[in-house]
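Two complexes come next, and they have one chain in common, chain A, joined by chain B in the first and chain C in the second.
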Partner chain A sequence: MSAQKKRNFKIEAFKHRVEVDPKYAEKTWKILEHAIHEIYNHNASGLSFEELYRNAYNMVLHKYGEKLYSGLVTTMTWHLKEIAKSIEAAQGGLFLEELNRKWGDHNKALQMIRDILMYMDRTFVPSNHKTPVHELGLNLWRDNIIHSHKIQTRLLDTLLDLIHRERKGEVINRGLMRNITKMLMDLGSSVYQEDFERPFLEVSASFYSGESQQFIECCDCGDYLKKAERRLNEEMERVSHYLDAKSEAKITSVVEKEMIANHMQRLVHMENSGLVNMLVDDKYEDLSRMYNLFRRVPEGFSTIRDVMTSHLRETGKQLVIDPDRLRDPVDFVQRLLDMKDKHDKIINVAFNNDKTFQNALNSSFEYFINLNNRSPEFISLYVDDKLRKGLKGVTEEDVEVVLDKVMMLFRYLQEKDVFEKYYKQHLAKRLLSGKTVSDDAERSMIVKLKTECGYQFTSKLEGMFTDMRTSQDTMQGFYASQYSEMGDGPTLAVQVLTTGSWPTQPSTPCNLPAEILSVCEKFRAYYLGTHTGRRLTWQTNMGTADIKATFGKGQKHELNVSTYQMCVLMLFNSEDCLSYKEIEQATEIPASDLKRCLQSLACVKGKNVLRKEPMSKDIAEDDAFYFNDKFTSKFIKVKIGTVVAQKESEPEKHETRQRVEEDRKPQIEAAIVRIMKSRRVLDHNSIVTEVTTQLQSRFLPNPVVIKKRIESLIEREFLERDKADRKLYRYLA
Partner chain B sequence: MANGSDRVRFIVGGKIFETTTTTLASAGRHSMLGALLDDSWNLRQPAADGGGGEYFIDRNPSCFAVLLDLLRTGELHVPPNVPERLLYREALFYGLLDHVRAARWGPFDGNLLRPAASVAGRAPGDGTAIRAGPDGGCCVAHGSMVHVYDWMLEEHRPISLDYQQVNDVGYLDTQSIVVTARERLGKGDGGMGLFCSSTGELRHRFRVAHGNQVKSFTAGALSFSGSDDKIFSSCRGRCNEYGIGVWDQNTGQQVDFFYEPPGCLLGDADKLQWLDGSNCLMVATLFPRTDNCFIGLLDFREKSVVWSWSDAGITTSLDEKRVLHAIAMEDGRSICVVNQYDDLGFMDLRSNAGGVRWSSRSRLMNRKLPAEESCYPKLAAHEGQLFSSMNDSILVFCGPEWVLTSTLRRSYGGSICDFSIGGDRLFALHSDENVFDVWETPPSPIIY
Partner chain C sequence: MHKLGRGHRDKVQQFMAITGTSEKVALQALKASDWHLEGAFDFFYSQPQIRAVTDSRHLEELYNRYKDPYVDMIMVDGVSLLCNDLQVEPQDIVMLVVSWHMKAATMCEFSRQEFISGLQSLGVDSIEKFREKIPSLRAELKDENKFREIYNFAFGWAKDQGQKSLALDTAIGMWQLLFAEKHWPLVDYWCQFLQVRHNKAISRDTWSQLLEFAKTIDPQLSDYDAEGAWPYLIDEFVEYLFENGIVQRRN
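Then we have the complex of A and B:
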């Protein structure tokens, strides 16, 4: 039976397709939709995560992903529209707070919805190129809340109004501001930029444009800069408190443009308080503020630099061409140094030691120092003054400081060879008169010149020192050998100077008194005996003498005089009265020197050991001179100076200049020959440029002079003009 | 330590599991279990009774056990009664698929490889290329189709090119595959496209413009540069467009073109390889595509060929050693080549004059002429190991002298026409049966 039945058993085709409950998807979605509502209504505690997750999973698994996703979009949109209404309804100041609170709620809800729909997020979303749930939630918030037209403008206005109030000094709720801007940033950088940052920058620009206008009308430059700086710091602080860090560069550039760049020229040139006044009054703080603010804007530095340069050039020019200043070279140089110190300090303290500013300062000094062609002489005189007396009781370090400063000025000089000339003269005077205070200081100065200009520049100066030393040895040797024969005749101190090293003028020696002459002859014999093949000439115009004199009432004085003066005075040992002519004949002192010498002996009050008939200031050919019996002085030692201009007289100056020009000729020629030797053929302009670069460490050669030298070299057949191209020169070996 | 509130109880498909929140924390917040325990879902269950929470999950208990064990130990052990596909599905439910993948096989080592799977394809005998994806998936190109497999070796919708012959394929990333195709005469097709690996849709077509005109072309070998996101492909156009095209990976726009200089074969290249260290592209055009092999290094910044080698004039008879495949070694100092006798040879990139220095290993092996059905050998280098396919096996070489250390061979499938290493796996494609083998390194042993 049963077998029969089994045989009858027939496998039938499935009549009805296996079908899930047609309302399955709808039902499941209802559960999930309900859950989303509950989450938004803060009623999630009754929900089971496992159940919701499983339902969402099942929907995706059964290919209802699309329905789930679109349902989510609809439900969330509906909730956000409700939220939008409640935010719109918030009154006044509560608006932002409501927005912030709802944003917090939405984020929390979004997190929970995302948890439920995690499976969809992992599988359905990527393969169907949908937006992931979290991003979707942010986008919907953006579209339904932030971009709802009732909220969008109100939000922007509220934010800008709060910032405006804060700028005006009110205290606002920064925490709330931070949350709102953070929300805008979370919604994507484009939302933050379009819905807040761009209008914020526009409003700020107009605010600061107005404020800067107002400030500039009523503040001086320093105050204005202070205000601008404060505003800038406020904006940076604002960014750090509640804006996106990327906004900092943008808002500061707005402030910089409106408050600084737009008013830069006016600020710098502001009357009574602009840059020039700050420089004059050493307002380090203001200057430093200006530097720090202007560095932020294009052209800022160049503006400051240009104004500073022209100010420096102007004041410097006034200083160097002021005829009053030219009377006192020491003061002149001291003022230059003070000016340099002052501006160095400004650059150091206020301008952050900026290299470009230092360069501007240097070029300005270079410009105006060379405007006055006596600058080299004055600088040398300044050193002379310092080394003669100025450095007494000053430590070695201080000496170095002074000399270093002088070297700084020296560097600005174009005519360094002129300086060398004068320095040599002044050094010679110092050495011969024994006026130099410190040998170390002298040597240190020479070392500085050597490092600056090379061996050649200082070799003669060093030669002068050597001469001084060997002279000392010679004198010791002389007295040691002659000791027995000397007796009580006058003591002689001879300085043997190498011709060429010293700036000596050829002069005919005067007639020395017999007492002196005999000692001199002894020395000559001794010197030529030890050094054969040399020639000695006496430079009587450069010597000094100490002589003892007894006057009318028997008082004795020791007179410190020059050799010329000594010769004159010795004549009065035998005569009481001598005419000018007689003196001139007896001594053979050149007329100009004699006049000066007599002037100093007879016409200076308190030192008039001679009396002149008639009494007058100037010496005439027919004057007569008497021994002044009535001479008195409270000092035993009396120094009778020669009337010499400390500065050079006009003709002397002229002469020095000519000598400098003369000295330059061989140097220029040597440079031309050096250049042509290596280049063989060169055109005129190139020679001029090369010669200038070679020589500019010593002086700036004049192109006309160079041309003359070239012509002279052509005459002497060192060079020839090219046959074809007359502009070319050819070196003839 | 695990005090009361740390304990969690699950009832999964009727079975009770107890674990700790610490164990579950390793699943991460963006997994189902992580969300389940998150505070926002547990407001009503203040775990006051010391038993922690109790959760019901309506899922398969055996898989839950496996996955819970994975979270506890980081190791994956699948009992024989749990099919892999079932486990993967459950892992996807819990959001733990990445954990499973990471525990599935260990870091790649050519000497420890074991066969993990064999996947049979549908079309026999015409395999063009196999490429490993970055996550352990692969794609197989044959004819006008590219079959795509994910790391679970599930086949996705294939990329179909409407009868255009596929020349080369490459993974740009897990989601994107670049395919180069041959142009058919009379149709403006061919070229190069970017496809979605999960759906097989065309996402982007790469263009070649010559004199501001878009040209149709045949794209050949592919290479990607890691450092500056470029795609290189050899291009053969109708008239002038012979050379190497360069595209930006992010924008898909053509950024450069290296026109074929005289004496260098670029447009037909068999192999391109970007060398990160020297910023050069190696181009190899080899026998039998051309009678005279050419290998060169291109510098795109100066548009110059900085190194090249050719066997023009060297080879005279068919029995001579012909270079059949070439790769630049990872140190960027030499190029490794292989010939029809499966000899390895090396060329020094630092000198331009040297020829191929053939390794002596060939003399030790029985030199037999290749069987009729055999495939040309291929080479690959990976983390200091050198791989060479020879008939039906892959040889692994190690050390400074490149000593043979392992041989990978399956018993069936015929000779290997291509293989590829990536995602810590090695894929070998057999030509006869169009079957590919997957080799992987087992996870590290229990005791180190």
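Then we have the complex of A and C:
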């Protein structure tokens, strides 16, 4: 190999110009134009994609992009105008079908064209800020077909007409509808909205406005709601089948507004079928439907709630102020409980346990229960009745259920201290007469009260139980010590009551028969022997006695009587006939009590162990009483006692209320002092608010009473007014 | 005087000579002005009352003139005589002002201490001087602050010693007297209301608050505020006025 001279290879730039045939562009365009025509004429199969692509590519490369683009626009537009004519020519139902078909064709064509012109789409279009091919195709379709004046209105009218017919019950071609609406969506959401959705909503609004008007004239509330619900479901289904998803919220709110919101008041207040009737008749399904429908509209819930609340308040009010109802306290409370149960169930089943409705129920109850100031007394009497006999044989769980329900009512009371007073009285009577159905039930009630109101509320009540137990032990001890000496004397059972725990009773005079007196004294001596420093007072108005009596024909009965009655009856051991005055003198029992006692002995059928002359019902000063030899009863044991808890008479009620008011004064004062001690200086209104808050678990203090207490405290120099600001009070240490 | 330094003593002398007052007053004024004579004069002359010198012997004589023969107090007769000498009626309200100056514990009685120190503070030691003072005492009732003090003083003075509250009749009498001076259009209704509705003694708080009420609330009750922490008796009075149509209720 010979060494060859190295040569530097140089590759020179391709210098010579490619000569473009001036007619080149036109020729190339013609090819492409032809291709477009063929495509639109469904003749694309004969075309070579690769060749066309190259042609388009070359045009753009040689800077003929503009010609290509504008040519595309012109050609396509021309085709679309032809298409428009054919669509316009379609008759009746074929209109939509034709439109749909042509749309499909256009899309296919567009895709092919886009593929062919892809190079232009990617280079020429963006740099010259032109609309991309696909989008261009859609826009041209929109402008030439959809917005052509012959088609635009017709399209909309056709669509709306179909929907209207479907609403009226006809079956329509949903697939076709879907395609059309999808087409509109594809053309741009503003097209869909302007050319279809907005008119659709308007038309729907007037449709439903009309329909709802029609329904409401002829349907009752429940039916109307069913129809409304059905329409609502229909529309949602419609959307899911052939409308754009975004339309759902809009159309449902149209239906809600037209069918529900606009007629809410009328529906709710409809006579014989409105909300109130549904509540009264426990129409759970209808109520549930109303709840679900109304929740969709503003103010829906509050409308239901307000009507329900005023209905409850009205019904409750009628219940508590109806004088007939007030005759039987137990029935009164039972009705309240029933009412609560009923509405609890409604809220639970139909209103989805909605808290706001529960609150409305609670506030209504609180409102009307406190309209009757005897409610605390009656609730206590109800419990008394249950614990005395109503809960006999009831299982433990059921007892708890009943007591829990009563506690619910108790919570609504504003004057809980009044309840406490009555409960104490009634409990005392129950304990002393031994007439309680179950100790466990009693205790359970106390525990509930303690949980609700705190230890102080129940400490005295518990003291009463303790006294009963202690008394039993005391009696055992007494009899053990007296064993040898008792003999034939009457058997004594004593309950020793601690004064503070039991309701205060004035001790009344009463002369006990000699036999009783002696054994009582023995007990007193025994008791004071073991408990020095205490004082015992016999409460003759609270005791009972069992006496064996023999009547005219030798029939023996055992009479269960009160202590007073015993004193009276024992007098007849030595006399056959006694006048009222003689009895009064001998027993020294106060007149009103004595009269009641004699009435129960002489004037009650089946229990008249005494005979009275004259035979009137009332006791007069000069009546005479005889032992009723002719008394008969099918029972051996006859109960004549009168120590049952009853609804108080007017004067008694007045007295109790006065005592309650008196008890409240120191509580209010204590609260004021507590507050002022920690705050030092406080203005009047704040004191009133704080005192009310502190005491609200027991009762609602009257602002006037609070003011009087403040003034009393000023008198006693616990507080003073501020010198500069007379509304301010100062604590004086 | 012997406790003071010489400079101070001189100043006291000078002060007394120029103003004609007692040593006590001079000391007071000079102490208040930190022993500057000019300041002391300013202080002295800005005092509303010019304390004149009183002769304690004369005061003793006066006291004895009115004193009760059996008790070391001026009692009803003595007071009667005093009023006579002063040429005023016993129920003239100026006697209340006098009692106020004397810090008298109870009406129609003056103790020795009260009488003498009262007259001293008024700067009178003879009946003539006392009589001359009467118009200025009467004028004191026109002063807002003094009237309030006198009014509040009247409560303790008019009530029974052992009681906390003022008997209703006495209170009504006092109110009518006092509100004749300081005119309050509702005073008659107030007294009427109390007799009809209340019929119990009046507490101190109610007494003093009534003046505030009369001063601040106009007779048409347009600025009466039910939340205004007025004593409950006044609230009830307002209700009474509305109920009987004496004042129109506002919404």
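Here, the second predicted complex is superposed on the first by the 709 of 733 C-alpha atoms of A that agree within 3 Å, B and C clash if a C-alpha of one lies under 4 Å from a C-alpha of the other, contacts with A are read in each partner's own complex, and residues count from 1 in each chain.
FYI, a contact is a pair of C-beta atoms (placed from the backbone, for glycine too) under 8 Å apart; a residue touches a chain by one contact, two chains touch by 3 or more.
Computed from a predicted structure; not experimentally measured.
Q: Please tell me, clash or fit, for chain B and chain C sharing chain A in the overlay.
A: Result for chain B and chain C: fit.
Q: Once the shared chain is lined up, is A:90 touching chain B (first), chain C (second), both, or neither of them?
A: Neither partner.
Q: Between chain B (first) and chain C (second), which does A:547 come into contact with in this model arrangement: first, second, both, or neither?
A: In the superposition, A:547 contacts neither chain B nor chain C.
Q: One more residue to check, A:57. First (chain B), second (chain C), both or neither?
A: In the superposition, A:57 contacts chain B only.
Q: Looking at A:711, would you say it contacts chain B, chain C, both, or neither? Reply first, second, both or neither.
A: The second partner, chain C, only.
Q: With the two complexes superposed on chain A, say which partner A:337 touches: chain B (first), chain C (second), both, or neither.
A: After superposing on A, A:337 lies clear of both chain B and chain C.
Q: Applying the document's definition of touch, where does A:127 land relative to chain B and chain C: first, second, both, or neither?
A: first
Q: Between chain B (first) and chain C (second), which, if any, makes contact with A:49: first, second, both or neither?
A: First partner only, chain B.
Q: For the overlaid complexes, name the partner, chain B or chain C, with more touching residues on chain A.
A: B
Q: Is A:685 contacted by the first partner chain B, the second partner chain C, both or neither?
A: A:685: touches chain C, not chain B.
Q: Just the number, please: smallest Cα separation between chain B and chain C in the overlaid arrangement, in Å.
A: 44
Q: For chain A, which residues belong to both interfaces, chain B and chain C?
A: Chain A residues touching both partners: none found.
Q: Okay, in this complex, where on chain A does chain B touch?
A: Residues 44-47, 49-50, 53-54, 57, 108, 111-112, 115, 118-119, 122-123, 126-127.
Q: Give every residue of chain B touching chain A within the complex, in rising order.
A: 30-32, 35-36, 38, 40-41, 43-44, 55-58, 92-93, 95, 175, 198-199
Q: In the complex of these two chains, what residues of chain C are touching chain A?
A: Spelled out, the residues of chain C in touch with chain A are 164-165, 203-206, 209, 212, 227-229, 231-232, 235.
Q: Within the complex, which stretch of chain A touches chain C?
A: 683-685, 704, 707-708, 711, 714-715, 721, 726-727
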